[in-house]
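Two complexes, one shared chain (chain A), two partners (chain B, chain C).
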Partner chain A sequence: MRTSKVRKKTHNESNKIYNKSWQAIIFILPGLILAVAFIFYPMLKNIQISFSDYDIISGKLTFTGLDNFKALFTESQQRFFTAYRNNILYAVVVTPITLFLGLIIAVAINSIKKFSTTFKVIYYLPVITSWIIAGLVFKYLFNPGIQGPINYLLVNVLHITSTPINWLKTEWGGNISIWILGIWKNIGYAMLLYLAAIQGINKSYYEVAAIEGATGFQKLKNVTIPLIKPTTFFLTIQLLIGSFNVFLQVLVLTGGDPRGKTSVLQYLLYTRTFKLYKFGEGAAIGLITAISILIVTLILNKKMKVDY
Partner chain B sequence: MKIIRNTMIIVLALTLMFTGCTKSDDAKDSVNDIDGQTKEEDFNQEEASGEKVKLTFWHNYGADKETPFFQDTIIPMFNEKYPNIEIEVVAQGNDQYAEQIVISAGTNTTPDIARLDLTDVSGLAKMGALAPLDDMEGFDELKSNLFDGPMATNYYNGKYYGLPLDSSCKAAIFNMNKLKELGFDDVPKTMEEFIDASLEKGEYTMNVSSAGDWDFLPYFWSFGGVITNEDFTKATGYLDSEQSINAVNKLKGLHDKGMFTIKEIDGSTDAWDGIKSGEYAMFLEGPWFFAFTEDWEDSGLKPALIPTYDNQSSSIVGGESIGIFNSCEHKKEAFQFVQFLLSEEVQVLMGKEMGQMPVLKSAAKNEELTSDEVWSVYLEQLNNANTRIPSPEKATIEEHLKDAFDSILTEAVTTEEGLTNAAELIDGVLSNN
Partner chain C sequence: MKNIRKILKWALLILGAVIFMLPFIIMIGNSFETFTFSLPNPPRLLPKEFTFDNFKEIVNVYHIFDYFGNSAFITFVTTIIVIFISALSAYAFAKIPFRGKELLFKLYLFTLMIPGVLNIIPQFMLINQLGMIGTRRGLILLYIGTGICGNTFFLRGFFEAIPNELIESVVVDGGSHFTIFKKIVMPLARPAIGTLAILVLLGTWDDFLTAKIILGAKENLLTLPIVIHRINGQHATKYGLVFAASIITLIPVMIVYTINQKFFVVGGIGEGAIKE
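And now, the complex of A and B:
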């Protein structure tokens, strides 16, 4: 009698779990279908194409092993390695400068009592400006002739150089222009997140620091920065991942010139796929980018321990 | 309740499955179409029933002048002549147009007919997107009246996958005020006299945008350089030959002396701005320069044939082709539209009103065009305009050539090294054609 009651109870419980699972699936399903259609399937297909010769019309894939990767690594101008180097340089230059300037601006805006909203809007405007529009403005600023405002400033006003600099069509001129655009575009995003983090810090920490006689810099160093570490971690990951997805600024500003010296992985992917119709090589670049981002994220997760 | 939930899931899953299946069936159809025969029966049935055939035509004509004229004048002319064919004209714009065609080919959403850059035809043919036109009724007659240079770019693997629609080439544009400063009363006929006068004055007088093939090759060819043999199958022995090395060295010498500037390398003033302001005496450009520069006569600008060097000068062929896609179910009607656009009447009209250089030999002799100061120069220059290598890998070849010229001019490599390396790379590409 007792056993049958227990059995009935267990049966009812498993029924409940079964019902709950179905209810959960119903809610998950729309998102799952979209994720399968637009994330997982393209991902798997990309991996398949990267190891194949892909006929776009018939959709036929002929397995070619590592041929696409070999073609990328042995190309005469070493465009792949230059693009990879440029992505790393972009991450190394743009990420710390953006974080630093974003933090400084956030601290400054947090300390002023008037017009803080105005400043927030001004610094955030570049974030919501289209990359194409911003790129065209920068293209005008970095115009290679004396007509370019930056060259005019350097040659005619500051007299730093006697001849205008060919900013966009030289290896380092082009890369510097791309970095400056990246920094200018991202500062507002870092500033806004830092500002939210700073405003979330309990005021009593600063009161205690003030009683202890801490200076403004000491408060920043010993209170603010440690307490906003989770935001720094989040921003670092975001900016580093973003560094592997640089594309539009290269497309608009330099087109990868000269000879791919200012190219990046996503731009190389675009040119290999849509200019040269080398779909396998494009997919291989995509796969390498994804693996690189995964490795960067895993390393950061391990190295940057955050106490929430 | 449970039944409803389970039914919903099954319906969703089935929808997903069938969506995938439909796409692959379409793909199969379009592949079967390659020979251009399979849909013939459908066509005959429709013709018998007297139904109107609808065709889609994609183009990248300019929005200001060309598209309205094409839409409002050319298409009504066609409709009057062929009332049984309806053309749906889709203006795609020029940005990313080639990429859009590739994407449409990969997703089975191609138009029936499209205007294509002539250098893209062989690549699309290799992909299997375009239908061969050789067997179409009236093809041979049409071909015999088309210029050989633009026609050659449509050839791939033994068949023609497109027909030239409009052509272009570069001719010289001179600033007569600047020429006067150099001591010329009229345009120089030879490059030798122009170079001597410029070097004596010690000024920048010629400019190109980049060392890319469209900009650089007319100079390279004019100074005696060659890229491949006549049938475009071999670059070694040609691109790295002594005459090619001499041609590049000549240009490099002029560049080093500051007479010949390359915007992309030197950061010099844009050629269009420089020729108008009088900074440059000469540059090479297509006929559209005059369409976009209404005050060219008042600014002292003049079109002329490219000056000869060692008694020869060369220009470069550009322009667009028209192709019919394999997915087109009414290829006969599509070809009728192509024939209409390549009729003398339409070619002359498009030349006069849309700035499109005709590809028909008979249209090029038409007095309405030959009496025009600009067109007369370009039509004559077209006679010694060379075509770029017609190859499905044209972008890769362009990349190798630009890399070579760039590296040589920036002294990253010697002329011999740069050209030898490029010749070997281009040979590798050509062997895969």
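And now, the complex of A and C:
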């Protein structure tokens, strides 16, 4: 009786304060103003710019219809399509390899008792290293001459080729270098999320599997992988979106050489906008990228049907 | 059989760790190398003769610590302001009912799907209109503005987990939302705020593109990633200098991570990001 009275009282009291919802404005407003100014408004503005010509000196926008898109699809020597293709290739190559290796490492680290933190830190180091620094180290590793450590390894140690490979200035050499850097840098992230997911699995599942006589591999296939599906889903989306975000890898490693063959959308956006001052074309690339990402996310949401 | 599997597992882990460490070892080794304009042939992990010349040059000629100061100032100010403003928003989203909350929050969430850099052109124009190109103010403002949605979302999850009973106890004493925010929510969410602070800190410290576009050619304001990239461009083969500068840039990052080992498992948070 008494407790219910107390509860009733607090409930009313809390209603009193909850009714002061006008106070929400004071809490929300600073953030909202900034979000409108620097996120919502730019998103819409970006659409407008992509259909316009921007004069940086006068600051004037002139509506030009589809001209920017036409220019992308024709004038710039198919650079746009090559860049788009490279983003997709990056997604197709880097995402599954990163997921696979990240999972393997997470499972291995999870199963050891000693040094697990040490390994965790080592595999996570690339994640916390900035892209610029990681890119520069890889530029050194992929140096086209025999002095480049990777070429030295391939030619003088493993004898796979007899002549050093021109990694960064050829179409496929450059793209492969960009992929390898991406994989190296992302594995730790996948590993960490997988590790957290695996540690969250109820031990009794494994006990049941053990009673049924499951081998280590069967446990992985029938217990671990199905139960960490939400993490796989989350990582897949993150990595796919991330593959539209590739930029610094290209800037540092290849600079888009040879002639845009290793370029990606954001690198093209950057050079069109801030080197050639074609703001409209840059915005058009941005719009196409954003739409692509939305489509990818929506499809994945539908296909993977994970209850989360 | 079990032993073989154990050996294989350790071999895999150690081999992987070596491969992962190798780029860092090469970077450190080469930063102590006496570099002319050609690379050592054959490549070596450790220099023949240790020299601090690269570090001396990067400090005395390239004034790396001036840029270090720029990066530190910009990062520090950004982190404090963006987290405070995001925490305010997150509190309202978590604990104050108001009209249009769900819709607004969905909008915040939606922006997270769009890579930030795609808005860089209108953002650049806006900062330009405000007359803040080539200023720290402009850069910090843009960092804060673009960080709001994500950080609000991140913190809201933690604020929601704070039991309403605690909040009601303040209400009984006649406290306002401000009291609740200050006395209960902020202290209780300290671990979450700490984690977020690290993420914002590192993101800002490592940012290249935004800083490059907003700061432009303002020599005295440049941040570390831009300077490293520029040194690389000037001397395409002087890796010793580039690596020395990189190491100086990496040290604070490593320190922050080592100190905050306990915040290391970001896993649950990342997963929570999709549970909505």
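In this text, the second predicted complex is superposed on the first by the 285 of 308 C-alpha atoms of A that agree within 3 Å, B and C clash if a C-alpha of one lies under 4 Å from a C-alpha of the other, contacts with A are read in each partner's own complex, and residues count from 1 in each chain.
Heads up, the rule we're going with is that a contact is a pair of C-beta atoms (placed from the backbone, for glycine too) under 8 Å apart; a residue touches a chain by one contact, two chains touch by 3 or more.
Note that the coordinates shown come from a computational prediction; the quantities given were computed from them, not determined experimentally.
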| item | value |
| --- | --- |
| Touched partner set for A:Phe274, first chain B, second chain C, both or neither | both |
| Chain B versus chain C as contact partner of A:Ile105, first or second or both or neither | second |
| Touching partner for A:Tyr206 - first (chain B), second (chain C), both, neither | neither |
| Partner chain(s) touched by A:Arg259 [first = chain B, second = chain C, both, neither] | first |
| Partner chain in contact with A:Gly145 - chain B first, chain C second, else both or neither | both |
| Contacts of A:Gly59 with chain B and chain C, given as first, second, both or neither | both |
| Which superposed partner A:Lys169 touches (first chain B, second chain C, both, neither) | first |
| Dominant toucher of chain A (residue count), chain B or chain C | C |
| Interface residues of chain A shared between complexes with chain B and chain C | 25, 37, 59, 145, 147, 274 |
| Complex interface listing, chain A residues touching chain C | 9-10, 13-14, 16-18, 20-21, 23-25, 27-28, 30-32, 34-35, 37-43, 45-46, 49, 54, 59, 104-105, 108-109, 111-112, 117, 119-126, 128-134, 136-141, 143, 145-149, 152, 156, 184, 187-188, 192-193, 195-197, 200, 216, 230-231, 233-234, 237-238, 241, 244-245, 247-248, 251-252, 266, 269-270, 273-274, 279, 282-283, 286-287, 289-290, 293-294, 297, 308 |
| Touch list for chain A against partner chain B, complex | 22, 25-26, 29, 33, 37, 55-59, 76-77, 144-145, 147, 164-167, 169, 257-259, 274-277 |
| Chain B - residues contacting chain A, complex | 2, 5, 8-9, 12, 16, 24, 27, 30-31, 98-99, 102, 105-106, 123, 127-129, 210, 263-270, 326, 392-393, 395-396, 399-400, 402-403, 406-407, 410, 421, 425 |
| Chain A-touching residues of chain C, taken from the complex the two chains share | 5, 9-10, 12-13, 16-17, 20-21, 23-24, 26-27, 30, 38-43, 85-86, 88-89, 91-93, 96-99, 101, 104, 107-108, 111, 113-115, 117-123, 125-126, 128-129, 141-142, 144-146, 148-149, 152, 164, 167-168, 171-172, 176-178, 181, 202, 205-206, 208-209, 213, 225, 228-229, 232, 239, 242-243, 246, 249-250, 253-254, 257, 261, 264-268, 270-271, 273-275 |
